[in-house]
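One structure is given here, and the rest of the page talks about it.
Lettered A, B and C in written order, each chain numbered from 1.
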Amino acid sequence: MNPIIRFQNVTKRFGALTVLDNFNFEVQRGEKVTLIGPSGSGKSTVLRILMTLEPFQEGLLEIDGTSYHEPNGRGPFKASEQHLHKIRSNVGMVFQSFNLFPHMTVLRNIVEAPVAVLKMKREEAESRATELLRMVGLSDKKDHFPSQLSGGQQQRVAIARALAMRPRVLLFDEPTSALDPQLVGEVLGVIRDLAHEHDLTMLLVTHEMRFAREVSDRVCFFDKGRIVEQGEPNRFFSNPQQPRTREFLSSILGEQGAPRESLKRAP
Amino acid sequence: MMYGYAWDTSTPLTFALSILPILGFGLLVTLQAAAVGYAIALVLGLVLALLRRSRIKAISWTVAGFTEFVRDTPLLVQLFFLYYVLPDFGIVLPAFMTGALALGLQYSAYTSEVYRAGIGAVPRGQWEAATALNLSRLLVYRDIVVPQMIPRIVPALGNYLVSMLKETPVLSVVTVLDMLGLANMIGERTFEYLVPLSLVGLIFLPMTLICSALIYLVERALPKSGIPLR
Amino acid sequence: MTWWQYLAPLLKGAQVTVMISLASITLGAILAFAAGIARTSSNRFLSGLAFVYIVLFRGTPLLVQLFWFYYALPLIGISFDPITAGIMTLSLLTGAFGAEVVRGALLAVPPAQLEAARALNFSKTYTLWHISMPQALIEMMPSFGNLAIQNLKDTALVSLISIADLTFQAQSLRNITLNSTRVYTLTLVGYFLIALCLMLAVRFIEMKLRRGPAFPRSAHS
């Protein structure tokens, strides 16, 4: 089967700094991949490029066979806005700082894009939104404003908002890093449930190693813009091959010790 | 006698009371000039602010230069420019419109800065979330950026309204019959300037205070996070 | 008419404009500090007096103020020559707006600084001049820059009380040549150039303040 995502010799520079250098990476349909690594290693950049938030300078990136660059494409993205618009319809993203629209109710946050972009009727969008809110456990909050919700609740709304657009690929950029520790579990619970969806491809950047081990099909360790090591989670965590991987894992896991109670789903 | 009202110069008080109705007509003109000028400033300022965000350097730099030029040159000279130069190019406007246009032009340079700051103050994450949801540029501005921008720009825009009210007397120089224009005419005919001019000042004082208070109320009524959308 | 025949009278006018502007900015700055400090003082009378002055001059139009000082006051025996009236009015106006800037900047000095001064038993006056003011001065500069430009623009109005400034010369030049476009374009450019010089001067002062050893860096620079 063709991979749903394919990076081929992709190079991404920020001015003089090369963040991704001849980067190669493939993700299969329905695969759940976790990207781990130190800050600045390029893992978030991979997500942002997929979401068309950042352009890349060289190489080839395809989603479901369609290239991100157009043959005569102009501008930093080497593609027209219409082309990028089509590409984006495959991808959704959940941000570290949630980025809910503060002036809209929870319900409006979720229906805004389906109505405006997918041209869904408002009633249909609202009933789908209600269902999504039930899935993430926030049915009673639909008329609240984001400022009235806790961080964990806001992030769950953000996940529902991303799902409402029916993306084939869902990206999570450190979804729990900005949360108070006791709120992390409720969000991880929602992500864990999502991982049971066979058709949904998920790319997750996180520091929650236990969760990554539990939920992923594959774990990739990034360092300095390259994948140093990747593999099936159990083998990866119990028997890392590369020295840098071992170094990173011991520094991270050394702090994480005992199993976390917070991985249980919040009421 | 003016506008059908005669004045009584026997005592300062009777003088003042007798010219109040006349100044009332002037007040109407003042308010109308400010209203038209402000409307122009709000719209033109927005156009300028959006043009400055253009990716074509030629456009954004020209607009930036133009805005800075208008901001740093006197309203009076701009007013003379429009009043005397436009007819040379075949555009003949009534003095009131020329005055309102001058006000609108000068203040659009200020309001464009306010809009730019307002747009810039919307957090980057909001733009990114909107991109992630594939919202069109028009929709991003209409539903995400503008509602969040408005509470932030109301104080500054309000201040400029009050400032504009205080600059309307300049229009009397090109024969617009606002309060100052009428006061001067009364002074010329009676050789009594003290009462008319003092009265004009005394009318402006509460007017600007009330205007500031109203703006403060509008500020308070708007939620900080933006115009709510349900 | 040659370009020089246009420029000569305009340059003379520009000289007058710059003179009036610098004079009223200087006097206005003094008034601004006086009134701004008075507003923060605990003396109710001083504070109230400053308040009335500020509200009066900020709440009424400059042109009305100019005409009042030049045309109205003579009727009760106080008359000024045009230049005095012009500089006086502009100073009072700039001072009133400047007072709010001074007051705002003084209030923005972190209370912790004042507490430390108290603890070290500094007098109120000493605290004001050696603790608050140096830190507040840097905060004030950007706003002062704007007020300086505003003052320059306001000087154009003195042409209406027959001071031979740049605008006045432009008016008489237009009457002679009837070439409004050229006259007013040159005038606008003239004001713009003076404004640029003013902005550079303010930027320069701000830089000197930031580097000066007497004035510590503020906590947020």
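The rule is simple: a residue touches a chain if its C-beta (ideal position, glycine included) is under 8 Å from a C-beta of that chain, and two chains touch if they have at least 3 such contacts.
In this text the structure is predicted, and so the values were computed from the model without any measurement.
Farthest chain from chain A (centres taken as the mean of C-alpha atoms): C. Pairwise, the chains sharing the most contacting C-beta pairs are B-C.
For this pair, chain A with chain C, the centres built from the Cα atoms lie 55 Å apart. In this assembly, the C-alpha centroid of chain A lies 48 Å from the C-alpha centroid of chain B.
Note on chain placement: the centre of chain B and the centre of chain C lie 22 Å apart, centres being C-alpha means.
Looking at chain B, one finds that none of its residues touch two or more other chains. Contact residues on chain C toward chain B in their complex (touch as defined above): 55-56, 59-65, 67-68, 71-73, 75-76, 149, 152-157, 159-160, 167, 170-171, 174, 180-181, 184-185, 187-188, 191-192, 195-196.
Every residue of chain A that touches chain B in the complex is listed here, in rising order: 51-53, 81, 85, 88-89, 91-93, 95, 97, 99-105, 107-108, 112-113, 116-117, 143, 145, 147, 161-162, 165. Partner chain C is touched in their complex by these residues of chain B: 69, 71-78, 80-81, 84-85, 88, 166-170, 172-173, 180, 184, 187, 192-194, 197-198, 200-201, 204-205, 208-209. Across the complex, chain B meets chain A through its residues 123, 125-126, 128-129, 131-137, 139, 143-144, 147-148, 223, 225-230.
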